[in-house]
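Each chain gets a letter, A, B, C, D and E, in the order it is written, and its residues are counted from 1.
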């Protein structure tokens, strides 16, 4: 039994090590992917558009990417596959990006943040969505806003979170085709934040499900799941909470990359982020209440159990005593020899029984 | 049974989807009503007044509404029916309102907020009132303060919250007929905030009711209702808390739309908002105490149950033992053959019984 | 039973309505008394003094009051009876006071606050004192500092809180006769705050009393009283907490009505207010500890009950079993026919009994 | 019993009155000692030193004290005995100290604070030390930094807290003989704060002691002592917490009485004060954990008790039932007349007994 | 038993004394080592490097150390052995360091802090690492950044935390050989902070281990270990939390010793420090949840115990009563003499037994 436990204890160590330790001791600015997805070649997709036209293509060389600068289009460059460290490092060099940024781009443990540089604004976000089994999937991503382009780095090529934006560019819906790269940056950020609401819904469903089970069937497994939910909410808060502060910084920045018109729209995302944070706060309190409720229902069950025991014992122990009395073998026990003694005793016992029932009824225990 | 549970689990999903997801993927600035009230044509009512005269009428065209600008009156334009998205969009275009504002106007999930623009001040509020069954009804509403007019957008045409203001305009009571549109804005805000007190009263009643029940009859249902109350207070805090901060911003704004005289009055609403927030805070703590009280009363009941069991068992188990002794069938048991053995045993048992009673009495268990 | 409960539920509604709703729908600035004291004519008392002389009299007309401006004295004008709304409204008009101030003066629900105007400083306070039965009485009051005078509005004419100040004016003790109206304002404020200490003492007594009872006799009623105490402390915090912030504002104001010398004294009251707030905070934590203690003592009692039960049952159930064995009627039970069987069984049972006692002793349950 | 309780209730009232009420109603600036030490004549001790020489003497007249100004020495004037109000009032007058300061000097309820005046800096501190029985003693003290001197007012003449400083002056150790009065002020403050660590040690010992007892022997008295500890920590926080803020103010002051070099040293005391506050915070959390631990150990004990009861009852009640069966007196009970019935029954009972033991063993209850 | 307890109580006193009291009463600036490691001679190691070359050597005299100033290299001077107070004091004097700094350098109780002086920046940190038994070791260390050199003071000469930096200097990896002393300072700080992640991993493992045990086997020892974990997390927070604030100060300083380029890198460490603090916060909440979980599982076990008792007692007590009835010795008990009475009673008892089982099954207790 000890071996199994030790075995279990070692396992998380291994996992933890992979999470924190891969980069330890390396020089700052080293581009090391520390995520769990398997190694793959980066896949690049460019959407270039202006008011007149838009096209989407896969570039074959780095140069093709860099060329966006002179194209007269707004370019949305999507690089999927953060494990391709070399590719990302080269691309970064070509675009004059700070190595620290590239490091954060591939570091899936990096918390959400905004860093402003002279020529670009760098943001790390967590894309959250539900997989087919309604599990919450966390995807690390980074966005770089440069003049006339937004670079998006993500772990997986597939991504329906941005489909709405892609569609709006293609169909010339809304403002995106008429605005600059900063509006695209906003639109993508807006899509990410909007998706958080789906996650909140999923949490709310879980809370509501647990609420019902707490009342109907407070088994230990429910407590376990409440605790798991609390941990999930804690984890989400950590991934989502910083976003609000980041948007505030984008709104307050004096960096010319973000135009005044776009800030009005950022204020709108800010509202959403604020609402999400408040909702998470409420979920936190609700999951605490769930545990409280669980404990109170447990006490309840205990009370019920105790009542059954008390009623059974209180009724039958005295009756058994009476029966015991007349089971004694004394030579001289006058009652034993009376004609109706036995029936009188039955009468007494039935009266006691009924009296007890009545007493417990009045106490509200029945 | 599994099917039912799954069924229940799906239901909230549907509901949640309707709450959060209707707008997902759409371009910002899209005017989409996401509330639960049924579709209806917007109903407009205008109250136009100045010091000399006042009149109330229903305009038939959009132009009739827009004309307020040159009328020399202060106009209170009430638009009821947020589901009429097209109408609101057209009206907004005519008045040069930002599409983002119109989006927030019909988005019933929008949290309360104040947005200042150059020519107008936009506020989202939650009107709270009790329906016939004393349930708290939440109505989303938006107010736009422009020069010489206040536009009020609400979900339902019927609305007695503003009746007092309407009356004061009609009867020339108070200051409203002598002041500008900013005072009207304040008066409406004041009416909304004043109504929050009614909601607080209703919560207080619920708390007091539950308090009594916790003492008299701490059944599990009471715990369930305490938790529901906690959730309700959380929900109200979320709808009401931002209002205080919004009023502070109105007082501190340098926007000429709000005159200095009116700020004195806003300070007064600020007092009310502060009091409401403090009261909500206290209700929060009180609902937590309720749960604590419930748990302590449950323990109490348990103690009582245990005492009954202990007293019954402690008294009768030893007596039954004694009876058991003299029910044994040994050939040589001298006591059985004494003249008064039986009565001596009775004596012993009665002494024990009385001794036990006395002992429990002294312990305070009886 | 339902009817009674409904009846009880309605009652608080009525009360709550009288608290919050009397003023609803009225124009701001309407002077409406919402307190519970019965209607009475305002009683006015003026103390006028300067370094040379002092006199105290009851003015008969409003004019007599207004005349203080040219009297060359510092005047302390005490108006008792907030239900006399008309009188207060007229007085306010004569003195050019803002109607909003008069509204707050008679609104007993108004929370403590300081409002500065150009010519006067207005403060709302709560006077707290113990009545004959040591119940805490809350009296709403307002003070207006104008040049050369302080107006004091209170609900009841009798008021020993200010007796010390009155005495010091009469006997020329301390600095009050040599200083201006701002010092009088300070002295009255100081008297109010000093009285809060009496309230704290009363709370401390209650806490200490409950502490003892929690240890000696943790009956449910004690829990009920702890909860009531918690509510009382919450209520007091709400009435007293703002005072500290108000004094800070008086110290930091640049209003010439408050002279620099007086601010030194205000710093002293500030110390007291800080101490009171800290003490209230501690009382809050102590009342929470009380509940915790109560719960732990309840568990204790339960433990004790369970021990008695367990000891009684563990000792006598096995013994009864043994007696039961030899009460069986098998034809062939050799032990029954031995000479000393009965006494051997007694021996066994006594050994078991003593062994059990010893076992429980060693476990520390006896 | 009621009389005793009333008696007990009265006692704290008396105490509280002496704490809060002695000064009530008096004019601000009245010098009234409100401590509990008995009246005594103030004892004055002067240590005068400069780089060349140092001497210590007891002055006989007030003038002798005042003369320090022209002596060319740094003077440390120690006045012990705050109950000698007259002496302190006269001394204050001679030194031109504000009466409010003198009031706070003798007011042992005054919380720690720093007040800056043009010519002097006034500080109130709490000296904390352990008496012979390791009880924490609180001594109120005040320090006034004037040019070339520090006045120290304390309740008791004996005071080993400052012995280190005295020694350093005498032996010319460290920097004190080479620096000004502000350094002396710092050195004394440093000594006071250093002594707080001794108090922390004592608290830590208590926590560790209680921790052990909670595990070994969670009797109700332990809970009582945990609560007492919590209260003691609360009390200490109140006395010690403000000191950190006070030192910050001394560091940030622009008052020339405190030189720039001395501020470096004050930063050092600040570190200590910060550490003390953090430690107190941790002790607070630890004392809360203690209570939690106590509750969990109580539950534990209860579980253990219940297990004993359940095992005993579950084993012997069925056995007793079997014995009861064969104690019935039916005419036709075939088993009774078999040869080995009795022994078969014994066999069944022993099997049941062993089976039960095995079952409970497997459940981990044995 | 009392003696042992007293003995235990004395022990922590001794320890605490060694922690806090060694320095009490000494003049500020006295260099006194208060750690627990044994006295040893300081061991010095210098790494000197510039873009062209690097060498590592052990200097033999103090002068050899001081010479770094004119060497044209960046020097990393590592002094191990804080107990060698004299050596450190002399070195400090030679380098013109403030005695207060030297005091903090050897004071292992000093909390982390940054102090800026004109010519140098002084920082105190806690190096945390796991020893061979996975225990967390805390090592006090200080770093001084002067022009062209970083002095590192540590308790132990061995130290693999900095091995990565040493390696990067030797192999000319990363930026360190091309940058100044401020970058070296950053690189060392980065190494320290990176190592904190290892500690976090170890804590996480403990939490996960305890989580499993809480579910599988909630024995009192688990509660004890949860409390120990809580204390450990508290201790770590105290050592680690200030670091974030310190880095913020380094980033915001205008001291020319830290160049603008280096601040970009410090921002990176800041991210890590923020993440560590957030993680510690989460661990804190998780350890609280653990205790909650433990309590709920205890209640669970209790419920289970009670159910067994209730089922056993409820089934067999009535049956025993029936057997008792027919064990009575009345002369006239008709049932006893019927042919099948015995078997009818068996039938009744078996029905009762089955009925009870069914009842408990339906209640979900089986």
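Please note the rule applied: a contact is a pair of C-beta atoms (placed from the backbone, for glycine too) under 8 Å apart; a residue touches a chain by one contact, two chains touch by 3 or more.
Chain labels with UniProt names: A, B, C, D, E = Magnesium transport protein CorA.
None of the values given here were measured: they were computed from a predicted structure.
**Q** Indicate the whole-number Å distance between the mean C-alpha point of chain A and the mean C-alpha point of chain D.
**A** 43
**Q** What whole-number Å value describes the gap between the mean CA coordinates of chain A and chain B?
**A** 27
**Q** Find every residue in chain E that makes contact with two or more other chains and list them.
**A** Where chain E meets two or more other chains at a single residue, that happens at 295, 299, 302, 306, 309, 313, 317, 320, 324, 327-329, 333.
**Q** How would one label the connectivity among the chains shown: line, ring, star, complete, or other?
**A** ring
**Q** Please report the chains around the ring in sequence, anchored at chain A, with chain E in second place.
**A** So, from chain A then chain E onward, the ring reads A, E, D, C, B.
**Q** Which of the residues in chain A come into contact with chain E in the complex?
**A** Per the touch definition, chain A meets chain E at residues 5, 8-9, 12-13, 16-17, 19-21, 23-30, 98, 100, 103-104, 109-111, 113, 115, 217, 220, 223-224, 227, 230-231, 234, 238, 291, 294-295, 298-299, 301-302, 305-306, 308-309, 312-313, 316-317, 319-320, 323-324, 326-329, 333, 335-337, 339-342, 345.
**Q** Could you list, by residue number, the parts of chain C that touch chain D in their complex?
**A** It is residues 163-164, 167-168, 173-176, 187, 190-191, 194-195, 197-198, 200-201, 204-205, 208-209, 212, 215, 264-265, 267-268, 271, 274-275, 278, 282, 285-286, 289, 292-293, 295-297, 299-300, 302-303, 306-307, 309-310, 313-314, 317-318, 320-321, 324-325, 327-333, 364-365 of chain C that touch chain D.
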